[in-house]
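Heads up, the next two complexes both have subunit A, just with different partners, subunit B and then subunit C.
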Partner chain A sequence: MTHLELDGVTKVFGDPEKDGVVAVDDLHIDVPDGDFLVLLGPSGCGKTTTLRMIGGLEEPTAGEVQFDGTVVNDVKARNRDVAMVFQDFALYPHMTVRENLGFGLKRENNDMTDGEIEDRVTEVAEMLEIEELLNNKPGQLSGGQQQRVALGRAIIREPRLFLFDEPLANLDAQLRKTMRTEIDELQSDVGITSAYVTHNQEEAMTIADKIAILNHGQLQQLGTPDAVFNEPANLFVAQFVGSPNMNLFDGTVGERGDAYRVEMDAASFDIPKRLVDTEFATTDVLVGFRPQDIFQGRGKKRGASGPSFDAEVRVIEPVGTEAVVHGDSNFGDITAKIGGFHGLTAGDELSLAIAPEHVYLFDARTEALLKGRLIAERADTQPPADGVEV
Partner chain B sequence: MATTTDPDTGPSTDADANAGDPTAEFRKNQSWLFDTTAGTYLRKIVVGFVSTVSLLYLLFPLYWMVVTALKSTQEIQQIPPTVFPENPSLEGFRLVIESSLETGGYAGVVENVFGVTISSAINVDVIGIILNSLKVSIGAGVIAVVLGTIASYVLSRREFRGKNALMSVLLASLMFPGTAIMVPEWELINTLDLYDTHLSLILIYGAMTSPFVVWLMKGFFDEFPDSIIEASRIDQCSSVETFWYVIVPMARNSLIASFIFAFLLAWNELVFALTLLDNQNYTVPPGLLTFVQGFNTQWNVVAAASIIVSLPVLLGLAYIQRYFVQGLTGGAIKG
Partner chain C sequence: MSYADQTRSAYGNVIDRIPESIRVYLPIVPVMVLVGVFILYPIAQAVYSSFFSKSLLSPDEGEFVGLANYQEIWTNPDLHQVLWNTFVWVSVGSIAAIGFGFVLGWLLYEKFPYTSVASAIVLIPWVLPRVVGASIWQFMFGGDQGIINELLVQLGIVDDYIVMLGSGELSLWPPIIGMIWRLAPLFALLTLTSLQGIDEHLYEAARMDGATPWERFRYITLPMMRYNLAIGFLLMLIYNIRNFSMVWVMTEGGPGVSSSTLPVMIYRTAFVDFNVGLASALSVLLFVVLLVFSYYYIKVYDKLQGEF
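After this line comes the complex of A and B, so read on.
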């Protein structure tokens, strides 16, 4: 219901002239009506501060926060008509669940009678399946139930914006997955524009329409989960998104016919030019592979052959049908996620390879992306028509 | 297992075949897992003994007050003293109540209704001094809680220059003996033309207890989760609404503890009350003191009066004490 825009938003804690700490630095984010934005980043990257500025709990030092084109910098939190779910749920401990849910509606300047509020509370409680808990105090509820009440308190008012501040961080792993799905469903149902803060990349990838990745207060990339995974703007994004972490090795790149020749310490391989959209301004590169893209076996797969190497298995971490394998190769340490691990034991030799489409290349100096991970079908069938946006 | 003995540790003793194998030794001797029977009894005896001694130490003065009230003057003066009254009587209570009724001006009413003539040698109105004390103590409690809470809220939530100095001054004022400032206080009260009024005591007691309330409530506000206040802001509360609907209900226990503290201090304070009031306006402590009359003191009357004046406070505290403990120990906030 609201088109949220952050225009050059900056937040400095302390004195900006002297030794103030820049928490958020010149942030431009545009969230269309009904979208689910996830602010993702490591601790202290400014994502929560950004969310609080959207909610009106912090004032931006510079820049504008706009709701539907209206600048709301000077509008108080209570007049912004946003709802927020806090990491610690922040339920009012002295009120019952019913009072907690109804509190916002009672305080709001609306014409609702007590009966109408009561109906709305019941309706929301049914939606979240917490009808039996209405007369309990928050202290008597489990973490998941408290989380539902906190969600209920947010949706009951049908606000312009939902703000979530790491709402799942205090829940156990199992519950986190269920609640994640529920939040996603709920948001799609009510269609209210949402901003969600998390440091968990998996959570971000699953729930977001758009992810904004922040580091040191600066926006690294704003894009769909796919874009962030396949075409990370820089090394930071590539390492932060995806699990297990990307394998990275030093290398140099040169031209050879209709391909780029990538030389690494222990191997070299070609990347056909049609797979690369940017011009290489440098010869020093960082070569990255996702553990998921590494497959067992030698030789060609999907046309061109990528790097291949032998690795000695050090540790095997089974995760269901696949396993994360840590090994020593002649490149150095390598992590691969492979199936068919059941015969493996530590010390075994593995032959591994990567398709060239899946190789990431980064400028070694600027750490900007040179070549992203191409979705194989597209790369195979046609040369890229328009450049991959980076 | 003696064969496994490490040569570096020296020759094995061979007294116990398992001496060299810690696992076997562990399996054989698990005594450290359990208490011995003797140990259990010893612990119970020590705990019981210490509890009994502390209990006696704490309760004996109260017991002595009750027993004294039930004795006759003659028995009180007897040497050696009797631990249990030989002829328990309620004479002391009768004298206190009669004096109270007569001094309070109810003698005529009682004579008309019950046909009993009251003539008392003592002129202390016990009901009157209890009411005076209630007035002073409640007044002081309200002042301390209101001022202390507001001050502590600001001290806890806002940063400003001199904040630490201010907190230190408040703490130092608690360490200052009240009597040290008796003379200036007396001057001040006289200048304000408040001599012999209960308002003077209310102001002084309120000022004496506010610093403590500030420290107690600051502890509460320091631990008050920001997110709850923010949640109420998001729920469209103004600051006043946040304070009234969210903070005050959550602070209830600490507020009650603060109030009780201020109340009890005012209820027990003797020196200021004695100095700033005349006889007819006395609060409980100086009022009780008027029962003590040199060699003629009727200790059973004093004890009976003490019991009577303690009753309202005891009843009130019995009802309210669980809040008091919760408020003092914190932990009142559970998410």
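After this line comes the complex of A and C, so read on.
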């Protein structure tokens, strides 16, 4: 049980004076005891490097890694009492599953007897339902089974911290979902503080207590899944989180009575001032709305007065009972997620609208968030698409 | 029409008439002929000759003597000396080559910045023509001008130059040292490649599992290398027991038989003493030992292939 803190952690590979690569740049992250932190970001943004610095496999160039307030920068990996699950599992190929699980317990400073170790191995194997595999070598196991052994090897020691580096990336889609749930449950059961790396935003949103979104080694936002979805700190986060991608258009903003007037090329609409927290320091904005917030019908009929427009259906991608619709509108290309049985075909004309509560506004120059997506209690009307949908 | 059909129609008349069970072996006939002529026939010839008393000067006039040549090996004290020399040579030479080679390979892996350049340099003793390498050592150990004697004197280990290559007590050792110098690089390269074959993540996993450097070596490195090391060990045995050039160039197996090993003795018996029968019997003995080594070599090699 550990409170993990990264305080200005920086990692430069190579010579900082010359051609060094800044993999992680002045990272401040605080993970309360028992929390599940997900490090999310595109490939190469420094997630793995961050995780390895927490584990002690990499030394920070600057900044401090703290466990319960104690700086551990100088503590060797093997003395940190941290367990790590690697993307390629890194099981010891020459050892049986039993030996793989028990390896971490066979340390000199561990006073468990052989019998106690054996009992603990059995216990963990049962928990992960791999007791039949104890005498097999990793090479004889399927990907999912290897994953379980890798998890077992991590939990068997009841470490201070769990670190996961894209642990599901090598599994097929079906197994990924099952294992995701299992890791989530496992972590809640044992209550061990965890840091989990992934580039998959859907995985991050389902599993995380807190998400840290990184880009080019810099922290973009640290927040709950709800927060990063509804109030992304900037355009990068807004586009990285949520699927399908957010629709984005240029616009300008001005004041009109107790509302802000948003002018776009093909439409204009008002946003009541009480829906906006920030002062607008600019008139040039990016207007964004998520495909799942677009609904069919004229805005006014629904009591909302957000942007509304006509679109011609170009492509339909059915996703279960929903459909992702790509259409041509007077704004340009637009992506909408339509629920229920829609009966749409290409060429159909649609009337679409978005509630003003759901419209995102970003500063066109700094790309910082000006207005996020408001959830029900602050919104005027019950939004048709409810809550977070990813 | 497929290629197979075309060839069938061209050659079909002849080949189709051969029964299927025989036809499938046709493609390997050329190889079998080569193996027969160049490998099996000489072996059979050696075994056959070992039952005769035969001089190289009149090879057609052999007299059948049964197992007398083998009895000679069993009773002749000179030959006992040779067998003992061979045993010492193979065991000391192999173990030392493995020890030095392993450490060298480890250093190449861990410490040298330009591993491929460094290993190319390290490999020089192995790729140098054998006679050249042996001549260098002969020169260094030689009586009057030998640098080794000079070194020993300088270091105060001996008072004066000592006779090494010409001494019945010492003559076995200089060639062994030369052979260790030749073989250790090979083992070093083998060590290096098998170290490079171990996934870095395993060491990281072991570090996270709390393993000390020694435990990582003991429980990850060594077991992961075990078949490669076993193959290297057998290779060392095979190269050592087959060696001829190092001894012949440095001492010609002398004085007496004091530095003779089996291959040297076979050569001396056949081409100095002209005793083809006894030389053949010694060859058969060497062949049997090599067969045993090779058998284990192939077995370990198969294991290595099937391991991971």
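Note that in this section the second predicted complex is superposed on the first by the 372 of 390 C-alpha atoms of A that agree within 3 Å, B and C clash if a C-alpha of one lies under 4 Å from a C-alpha of the other, contacts with A are read in each partner's own complex, and residues count from 1 in each chain.
Definition applied: a contact is a pair of C-beta atoms (placed from the backbone, for glycine too) under 8 Å apart; a residue touches a chain by one contact, two chains touch by 3 or more.
Predicted model, so just to flag it, every value in this text is computed and none were measured.
Aligning the two structures on subunit A places subunit B and subunit C in a clash. Touch criterion met: A:Arg107 reaches subunit B and subunit C at once.
In the superposition on chain A, A:Leu222 contacts neither subunit B nor subunit C.
In the superposition on chain A, A:Leu361 contacts neither subunit B nor subunit C. Counting contacts as defined above, subunit A residues 55-57, 76-79, 82-84, 86, 88, 90-95, 103-104, 107, 109, 139, 153 meet subunit B in one complex and subunit C in the other. Of all the residues in subunit A, the ones that touch subunit B in their complex are 55-57, 76-79, 82-84, 86-95, 103-104, 107-109, 138-139, 146, 153.
Against subunit C, the residues of subunit A that register as touching in their complex are 55-57, 76-79, 81-84, 86, 88, 90-95, 103-104, 107, 109, 139, 153, 157. Within the complex formed with subunit A, the subunit B residues making contact are 225, 227-228, 230-238, 241, 245-246, 249-250, 252, 333-335. Chain contact summary for the complex, subunit C toward subunit A: residues 199, 201-202, 204-212, 215, 219-220, 223-224, 307-308.
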